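First up is the structure itself, then whatever we jot down about it.
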Amino acid sequence: MAGNSFGQAFRITTAGESHGPGNVVIIDGVPPGIPISVEDLLVDLNRRKPGQSKIVTQRKEADHPEILAGVFEGVTTGTSLAILIRNEDQRSKDYSDIKDKYRPGHADYTYDAKYGFRDYRGGGRSSARETNVRVAAGVVAKKILQTAFGGQIVGYVTQVGHLKAEIADPTTITTEQVEQFADGTPNPVRCPDHGLAQEMISFIDQIRKDGDSIGGVAEVVALNVPPGLGEPVFDKLKADIAKALFSIPAVLGVEYGSGFGCATMRGSENNDHFVAEQHEGTPVISTDSNRHGGSLGGISTGQPLVFRAAVKPTSSLLIEQPTVTRSGEATTIRTKGRHDPCLLPRFVPIAEAMLAITLADHWLRWRAQCEATPERPDHV
Amino acid sequence: MAGNSFGQAFRITTAGESHGPGNVVIIDGVPPGIPISVEDLLVDLNRRKPGQSKIVTQRKEADHPEILAGVFEGVTTGTSLAILIRNEDQRSKDYSDIKDKYRPGHADYTYDAKYGFRDYRGGGRSSARETNVRVAAGVVAKKILQTAFGGQIVGYVTQVGHLKAEIADPTTITTEQVEQFADGTPNPVRCPDHGLAQEMISFIDQIRKDGDSIGGVAEVVALNVPPGLGEPVFDKLKADIAKALFSIPAVLGVEYGSGFGCATMRGSENNDHFVAEQHEGTPVISTDSNRHGGSLGGISTGQPLVFRAAVKPTSSLLIEQPTVTRSGEATTIRTKGRHDPCLLPRFVPIAEAMLAITLADHWLRWRAQCEATPERPDHV
Amino acid sequence: MAGNSFGQAFRITTAGESHGPGNVVIIDGVPPGIPISVEDLLVDLNRRKPGQSKIVTQRKEADHPEILAGVFEGVTTGTSLAILIRNEDQRSKDYSDIKDKYRPGHADYTYDAKYGFRDYRGGGRSSARETNVRVAAGVVAKKILQTAFGGQIVGYVTQVGHLKAEIADPTTITTEQVEQFADGTPNPVRCPDHGLAQEMISFIDQIRKDGDSIGGVAEVVALNVPPGLGEPVFDKLKADIAKALFSIPAVLGVEYGSGFGCATMRGSENNDHFVAEQHEGTPVISTDSNRHGGSLGGISTGQPLVFRAAVKPTSSLLIEQPTVTRSGEATTIRTKGRHDPCLLPRFVPIAEAMLAITLADHWLRWRAQCEATPERPDHV
Amino acid sequence: MAGNSFGQAFRITTAGESHGPGNVVIIDGVPPGIPISVEDLLVDLNRRKPGQSKIVTQRKEADHPEILAGVFEGVTTGTSLAILIRNEDQRSKDYSDIKDKYRPGHADYTYDAKYGFRDYRGGGRSSARETNVRVAAGVVAKKILQTAFGGQIVGYVTQVGHLKAEIADPTTITTEQVEQFADGTPNPVRCPDHGLAQEMISFIDQIRKDGDSIGGVAEVVALNVPPGLGEPVFDKLKADIAKALFSIPAVLGVEYGSGFGCATMRGSENNDHFVAEQHEGTPVISTDSNRHGGSLGGISTGQPLVFRAAVKPTSSLLIEQPTVTRSGEATTIRTKGRHDPCLLPRFVPIAEAMLAITLADHWLRWRAQCEATPERPDHV
């Protein structure tokens, strides 16, 4: 009931606070026989971790995972898998400021209103720190997608403030292009338009110096997804992916395919048309364009899944902001150091993880039902 | 697993196809003692039903509900409530066209790919016809919100094609303003800007004559929602509402508060600030603006919840469109009559219903946990 | 939350009261392509229905099902399947007796205590009348078991009062033996020991004439279940089957394998030993006895699943019983006519249905996970 | 899907193996404001832990819990609570025996059949070692019951082999009586009949010397449970409690109230009769006997809940037993040391925990629904 689980057939459940002992995830429904190591987990954890570049928070966290259960002799056993990431940057601190003051844009007030009790250290459970175990779970999910249908997830930043990349074809963007510049140096902002990426970096650096923050947009693409994932009615693929993305802190908007742009379009402009090729006597059906974003009727079409999320500017600012205390007295607050001036670079691996988890879940859900079909008609 | 349920504490499960015997919903978790009648259900069913105006589909469906269970002597019993709406417009028809041809923008192909079997009559389970029982369940949910905290849901159309209303303050829009013009005549397009509404009606009528369709945007607002609804991490209020809205056919985007507009904003511009008034010695905390859209950290703040959804133009067109058959042969298709030239007017009650269902669910989920708190500290 | 659903991958949700319009079940997760007809449903519904013999209730209910959704052209579509069974015996009645008096052994008082509101007509939601749609859903589940692994479910009565059958080998009992005597006439008590069955019939008839009722025990066996069904820890097969059986009204005990008899046994007596045969180079492993009842560690072993349930004597009696009214005044009550003098004969198809539903669910749950295993080691 | 969660409103999810790093539980739905300390957890953990007396396994495990999340400044925060218990007795061992041989009565074979992969060290996930975190979660549940309605859970052993205690009135048994003899020394067998307890201890000691094991029965009682817990139809209180008890390894039977004894009873003998007293003008309704075991129609009556579970003799024996290897070759196996000669003494706190968790879940589920009832009629 309290919302700390996601998924059905592939289900993650998490616990942990920003400044408590650590965060833990239990993954239920992992297929047996999948190789998983700490090194596998670190690939994406390092993409999310603090201090990875100048334009993200400089908080110190190694984010080193411990696999507590579910892996034996290097492969998954099929029983529940648990991963623990201890918090390290728990130095003794003066939290008196945020103990009684409600930080603008944060969940301090809403947690107090809901529970009456609150772990006020760095946001406690509301902190995005909990996303580290989601990213670890995402690595397991990505392995399932890769094993099951060669599925690949690629996320990247398309907009930071007024700087907006025009991505001609989302299906051509590679992880290499997102993570590195042509010369092999890291691309800290994760925008695949490298020219624009340089501008974004400078812009974010200026925002940081201003003690302010800036919003943006990221796009996430899933390739090689077969037609058939997603369920009718409530658990449409687009619905569950949207929930997954909106479950990430700071996301204010999600769209797929033509998105909000569809509002000004006619059906004759927005509809994609089915086309077919024959492969060894079997028709392979696709569409001649992808304004539908990879799903129709809530079910994947076999075209790339393409989603975008709008991420708000970080609420923590070095600039002084007016607010109130728990007892309602007017006051001001200024966050002391080390926030992300722009959330987007670290958002990318989190969004990828949530998309991967959603797809792994839907794939397993579908297979259960398929497996029991007595015989399918021709051509399908 | 197959996605035909929504919610946890207030949970709806549906079945039914477009041209089968009918649609049915079972609602689990309804509190006892709530008065529900067929007349109550009809209020919103009539706002969704076909044929209600010139600018919607002219299909004939009375959409008359039968309460099968869960109501005794006019009030809910607390046990599962079932509502059946029979299909009436099941006249013998020639479905050969859509039996073998994949309609662009529809789920014909994806259902075939997923299941191998498909009820091809009018889209079967993928048809938006199933939303009639959601609207019926939404009436029950609205009653719970009203009983529990005076909650009100108001939805309306803000954009049809290029015609876009500027809503200065979403909290002032009333259902009367949405449903009627000043002279008491029905407002078939459900845009509260009555001047623009007249333009929208003419525009949709022209689109209809063109045999085409047009997209748009609707906004849904929940008033009087107390602070505290929504769960940390995965079942954030924004996440579950987004899932609810994306579960409606044709929705391509959802945003709340400043939405995609946040991408170009600085934190110092986007943050709302907490303010407080004292009521009989107790601080009442609110924000001086509502760019956050009513939730922070996934939990309601007590400010109005404000969501927008982008709805694509109807995929069925009178215009001939290219497509393929099940066996992959190129062909063309032209939908014969009676589609909605614009989905938005009938989308409004469906979106309201899904928002109400999500809020009723979260309210019941929260109460379970609250109820067992031994004692809450002061001021909260 | 309100408990009207059962299962995960194969999930049934029900609504309905004893004297309301009818009962309805929605089945979510049915594989596509399975032939289902009203005639299929009637086979088991007729085994459960009132009036089928002299030793069961003479209430008049045809229990004729209507398939509302999920079946097209005779086969399941993979989308949610709904079945409605209308109540027919709703004649105008004087319910004043049970409106205010709490019937001993019934749920009148507990429903009042829980909800404050109660459909007092014949027990409302607490009546075993709701099991008719479970039996219908059980037919669908049995088809899945049959299709998937040739699974067969056979239930029968082993005890009525002091009359107790010794079943040497549960795996040899056939449905024919349970349903018919050697001469082809119906076996109304469903005990496969035909000599004892005749005694049971006479005994129940005497109990009926006394205005009293009698308890008993039924055994249910599942054959051909492959090893691997059931989940570790909480959703052990034995746990979910026990829940399924205890969810049937009047069940006071469930045991499997050596059951309560294990309390007096030593490990060296109770343990079954593994044995193996080689089939075309692959070892086929079984046990030399079946005191474990078909599952170990909560997972099926490939041996027959054998469960027993103790069913209490019907609470409704023609004999006058002391009780109290809602306001706490002492009174007496005597049920007017038409109750089952012994629940066991009609319990058999209900228990079979719940076992079938549980197995179908677990089979689908398992397949989801298996399907994604990259490669299994040898010999397994 | 993989069965590692239990409960809905109060939901536990676990991971961990017998000889892996440890076991972890995440508890979702804990009300805020409940004091929880490591010392609280240790009370019941010490009752379950190995080595507590001569008649249980001598394996060395301190079972010291670490609270990873969900408790701040000594009280629960309302967000997910995590507890980790590391395994300590992980000494390097020769597992070659059980790696390839299927131990009789254990889950070695079924795990292999299900997953193809298996953590063979000490049973891995199938070991009862995972129940240590259930007991920790049970402490949290017991606190909720105590806070909410003064609920108390008392479990005890009633039978070991042929030694069977006659408990005249289960409601009078106290934890003190179960845990200690009259002179204050520990009662290691947890049978409240102290004379019989001494016989049981000697008997178990003899069984241990024989290298064998013995079965038994435990009874668990919940006191002060108000009327109203439990849900109609599938989630009946008796059904969920039975599932909870059957989810514990080695349980072969569960019964409540008159249990299997009901089979030989007439309704006129088995029915309990309602009686009432007036307390300040309000009727307080109870029953004059408790053969129903505390629930009717699946909902608690306000009478004590009384359940019994049959527990099989430990499968691990010092005596040599025949079995087969993974490849199907006949062999023998003899467990080397340190098993429980009788599971019952350590079973008691585990059964208490599962009953407490089930009741906490149902209480929270009920409160959600109640809370929203507009107004209840009189006398209820």
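Chains: A, B, C and D, in written order; residue numbering restarts at 1 for each.
Simple rule for what comes next: a residue touches a chain if its C-beta (ideal position, glycine included) is under 8 Å from a C-beta of that chain, and two chains touch if they have at least 3 such contacts.
Owing to the predicted nature of the structure, the values given are computational and were not obtained by experimental measurement.
K.L.:
Among B-D, A-D or A-C, whose interface repeats B-C's (more than half the contact pairs identical)?
P.N.:
When the contact pairs of B-C are compared with those in B-D, A-D or A-C, A-D matches.
K.L.:
If you tally the C-beta contacts for A-D and for A-B, which one comes out higher?
P.N.:
A-B
K.L.:
What's the distance between the Cα centroids of chain A and chain C, rounded to whole Å?
P.N.:
Using C-alpha averages as centres, the distance is 45 Å.
K.L.:
Round to the nearest whole Å and give the separation of the Cα centres of chain A and chain B.
P.N.:
Computed value for the inter-centroid distance: 26 Å.
K.L.:
How many angstrom lie between the centres of chain A and chain D, each centre taken as the mean Cα position?
P.N.:
Inter-chain centre distance comes to 39 Å.
K.L.:
Would you please write down the residue numbers of chain A that are in contact with two or more other chains?
P.N.:
Where chain A meets two or more other chains at a single residue, that happens at 1-5, 8-9, 14, 29-30, 32-33, 78-80, 114-117, 125, 232-233, 364-365, 368-369, 373, 376.
K.L.:
Hey, which residues of chain A end up touching chain D in the complex?
P.N.:
1-5, 8-11, 13-17, 20-24, 26, 28-30, 32-33, 66-70, 72, 75-82, 84, 114-119, 124-125, 364, 368
K.L.:
For chain A, which residues count as touching chain C in their complex?
P.N.:
For chain A paired with chain C, touching residues are 8-9, 29-34, 78-80, 144, 147-148, 232-233, 363-365, 367-376.
K.L.:
In the complex of these two chains, what residues of chain C are touching chain D?
P.N.:
Listed in rising order, the residues are 1-6, 8-9, 14, 102, 104-107, 109-117, 123, 125-126, 130, 159-162, 207, 212-217, 226-236, 238-240, 242-244, 246-247, 249, 251-278, 283-285, 292-293, 295-302, 310-317, 319, 321-324, 326-330, 365-366, 368-369, 373, 376-377, 379-380.
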